[in-house]
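Each of the two complexes below includes chain A, the first together with chain B, the second together with chain C.
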Partner chain A sequence: MLRSRLFLLAPLLIFLALAYLIPFLGVMRWSVTLPEPGLGQYKTALTDPLVLSVIWRTVRICALVTVLAVAMAYMITLLWVRGGPVMRLFVELCILIPFWISVLTRAFGWLALLSNRGIINTWGQDLGLLAEPLTLVRNEFGVVLGMVHFLIPFAVFPLASAMRAVDERVLLAARGMGASRARVFWQVFVPMTKTGIFGALLLVFVFALGFFVTPALLGGGRSVLVAELIWLRIFQSPDWGLGAAISVIMMVAIGLLLMLTMKYAKGPGR
Partner chain B sequence: MFGRFTALKDISMTVGRGEFVTLLGPSGSGKTTFLMILSGFEAPTSGQLTLDGREMTETPPEARGFGMVFQGYALFPHMTVEENIAFPLKVQGRSGADISRRVRDMVEMVGLGGHGHKRPAGLSGGQQQRVALARALAYSPPVLLLDEPFSALDKNLRGQMQDEMRRIHQETGTTFVFVTHDQEEALALSSRIAIFEKGQLQQIAPPREVYERPSNRFVAEFLGDINILPVTASQIEGRAIHLPDGTGDNLAIRPENMGLSLTEPTCGNALPVELRDLTYLGAETRLALATKGGVAVTLHMPTAKLPEGLAPGAAVWTSWEASRGFML
Partner chain C sequence: MITLKPGLLATILAALVAVFLLMPLIAVVPVSFTPGRNLSMAGDEWSLRHYRALIENPAWGQGVWLSIRIGLVASLFSTALATAFALGIWMLQPRFAGIYMGIAMLPMVAPPVVSALTLYFFLTSLSQWNGVIGYDTFFGVALAHSVMVAPFAVVLITVALSQVDRRIDLAARSMGAGLMTRVFRIIMPNIRFGLIAALFLSFVLSWEEIGVTLFITSVNAVTLPRLMWMGLRDNIDPAIAAISVVLIAIVVAVVLIKTVMQLRQGQQR
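This part shows the complex of A and B:
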């Protein structure tokens, strides 16, 4: 039985090894050999003010994006799981349609809406609502907006499974004991879904850390995040070693976060 | 408490203060719906619910102040036993000292001393049941509503919890309204049993009366086994029989009130029957009999008092005292 399952998994494992593991081992090798053998690039990555400022900005933006995306996803999921049939359908469309549209298309969509000569600014000026165009993209605001929009659906699924597992009778019991709806929500429902919240936070944060397209397009080169920095090191400047070292650091950090997620998911339960 | 309940399907019921009323019926009979209307989680389309003469049909559940124990206990999984019991007290805004005293008393009352800091997941089904009971009674509600609280427990534990429930009912003096589909449970616990079927109240009376004087055939057949013999002109299958008072075309007798003999009894009511089958149940043996006319009759006899050498196919007699039967 086990053997036949492994057999079914084999194509995926072989693909992952060829497409990810072997190239990643190559990247690891660059990080300790370019331009000369040693751990020099790691030292640079962890001390260079430019690299550190990008890492710091990445963590800061990703944390903000994560909190915003999960908070919004929580409200949406609540409507999805506990709303009436019409509301459910509406929410499904709102979650699924963006999910199907490519990330690139969505980023360009935001540009069309938000750029200096985009819909909001031209209409706002034409209608006399805006004297000057608002700077909505090519800054952190644009990056956060685009990332939150992209990442909300990813937070919805872990939240939905946690909310579906909540026994309705527990909520009824709380109300029967005289608790107001607000109290039932904050003191019973939210704590009962906290594994889902934690899972959604980690999932979104991990995705956000490695995000490339949206920040690159909506940040317009002004608020560079780690993924874009790696790209710049490898494609724009001949500094493969440093790019590789930052990649490895990211991989290790994300790996640790994922291990934390799995440990928590299996751990003390709710 | 003195309330008059009139619910959806022409149901009118008055529950007295401190009573233990059981709503009994097969699934889908409306007993749970009725309980939900009492709790306020469902609203009747028409009718009225009053508590001590106060109208409360429209009162939302959180304002009724009733205690409720749900099927599956509905404990807060993220809180300890003590926190679960303290929740309704915190909702009431009681002082910390008052809450901890009350929680301690409740934990003691349901016999969970030493388990106060555990989460529900670390407790057995019976223990979770006790927490649910303690939580529902912590704020001394005038009425405690219980929706099949023992359905998840095994038979032995269920018996224990029933004893406990009776003790707690007596100690607290709270009015209990209890939903179950287990007839033994209903008979053992209740001061009165309300039998539901197809959304209607069939009978409400003390356990003994419901069992011994059921008001209709459904109630008679739902509670325990019963033998129903068609009567024509004071005769059953051509034999003259002394009938009890009452109207109806059938004589109904509980199996435990019928005896067995190998020869025709000299006095009393008797019918010749054929033994079809014997089922050994330990202390009792169940005998499946059939009259000459093919009517099935069941007997429960102490195994020790069974005649020797009885085997399926034997021609025997069954007899009963006229006063033990009733007309249906």
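This part shows the complex of A and C:
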């Protein structure tokens, strides 16, 4: 019995231990040994104005992106779950097609739309609406749009399962008691999907924090987020110790965030 | 039965979100037909030169072929490990199942950039020992992708297993079936759709993986996403628009075929 247990569970666990857990310890070692032994890099990461400004920008942009993505996902999920059959099919395609398309293609789509010679600026100038091209990308605006676009489908799934669980009769009862449609929505439906909203917010925020490709492409080096900063410190202006220290801090922060929410989800909130 | 349908305002808002979701995908099309060398709109003149470049420049074909091979190795390897693991948890229900599951989920919940740095450390360390599995090699990338996609395979197979009736396994066991018979003759056939889904998802995730790939490759193991990244980062190569149109067309076709098949099945029932 013992042998079979090892035989089934062990391969994946050993593989992840060798390829992930032990290397992560190596990254931790980098963070306290490069360039010199000590906690200097952690001190730099938490006091250096440049690093702090990147962390602050990351939290700010991720919070904005999270709220926007979940709000927009809520709108489209509402139709997906509660619309008529044709509508439902159409919405499903609108969610699934972007979901399966790679992050690079989607970021490129935004470049095609927003860059100086992209669709909006070309048409705007041709039609005489714009005197000169608007700077829509390679800045925070582009980063936010691209990230929201990427994250909406991920917010849809927890929202959809919460909305499907809503008991239709409760809504009808509220209607029957004379509540307006708007009131049924805001005071009955939305509170009943609270766990889904919360789950979607958390999922999207955690995803957004570790985001690298979209901000790097659409931010054009001007609005660097934490993930891109790590990349820069490893490959562009090498300071491996600092890159490793920021990675460890990020891992701990996300771990704490997840633990807190698990505690909350198990607690009296449910 | 849904009786309270979303009203006009809700429908309009959802339609706006739908437009937002599809807009950048549609925007790629006119750019791909531009006659120019830089990112610009195809005006009066349309040209297929960027599509021709996809065929004529061997780098694209090589990138696609490398990505397919890496995807196959990574999806088969990670699904095999994930299947054994999920079966182990399901059949034996070990005492520390939660901890084992937590370790298996780690690459999925950790920020991708931290995983990327970790795998960079892993592969550069391996490179000091050998030239086959390491930084910027085929097997190195395949191993790193396996790490990243394994948690997704575990999730899909665990979900599939949760729908299997334990009693059929108990029946097989009480009639004297050994572990191998139970696994391959009893349980695996019952989770075949989960297995296919796990293989498919892990292949797709490896096929489009870029965050980790950027950290662990430079000039030798250039996968398709890596090649696209190089054409996107500084000067935008319109060939990216052409390859994007091709990739979008594939996804749209697959999603449409799947939807039509589901609708047909629904009608038959």
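Just so we're on the same page, the second predicted complex is superposed on the first by the 250 of 270 C-alpha atoms of A that agree within 3 Å, B and C clash if a C-alpha of one lies under 4 Å from a C-alpha of the other, contacts with A are read in each partner's own complex, and residues count from 1 in each chain.
Here is the rule we go by: contacts are C-beta pairs under 8 Å (C-beta built on N, C-alpha and C of every residue); 3 or more make two chains touch, one makes a residue touch a chain.
Since this is a predicted model, take the numbers as computed values, not measurements.
By the document's definition of touching, both partners, chain B and chain C, reach A:L172.
The partner that reaches more residues of chain A, of the two candidates chain B and chain C, is C.
Contacts of A:V27 after superposition: chain C is touched, whereas chain B is not reached.
When the two structures are aligned on the shared chain, A:H149 is found in touch with chain C, with no touch to chain B. In the superposition on chain A, A:G109 makes contact with chain C only, while chain B stays out of contact range. Looking at the shared chain after the overlay, A:I119 reaches chain C, while chain B stays out of its contact range. Of the two partner chains, chain B is the only one that A:R183 touches; chain C does not reach it.
Touched by chain B in one complex and by chain C in the other are residues 172, 175 of chain A. Interface residues of chain A, counted against chain C in their complex, comprise 1, 4-5, 7-9, 11-13, 15-17, 19-24, 26-27, 30, 72-73, 75-76, 78-79, 82-84, 87, 89-98, 100-113, 115, 117-119, 122-123, 149, 152-153, 168, 171-172, 175, 181, 184, 206, 209-213, 216-217, 226-227, 230-231, 234-235, 243-244, 247, 250-251, 254, 258. Residues 1-7, 10-11, 13-14, 16-18, 20-25, 27-28, 30-31, 38-41, 81-82, 84-85, 87-89, 91-92, 94, 100, 103-104, 106-107, 109-122, 125, 143-144, 146-147, 150, 154, 179, 204, 207-208, 210-211, 214-215, 225, 228-229, 232-233, 236, 240-241, 244, 247-248, 251-252, 254-256, 259, 263 of chain C are the ones that touch chain A when the two sit in their complex. The part of chain B that touches chain A in the complex is made up of residues 39-41, 61-68, 70-72, 74-78, 87-88, 91-92, 121, 135-136, 139.
Taken together, the chain A residues at the contact with chain B in this complex read 167, 169-170, 172-180, 183, 187-188, 191-192, 194, 269-270.
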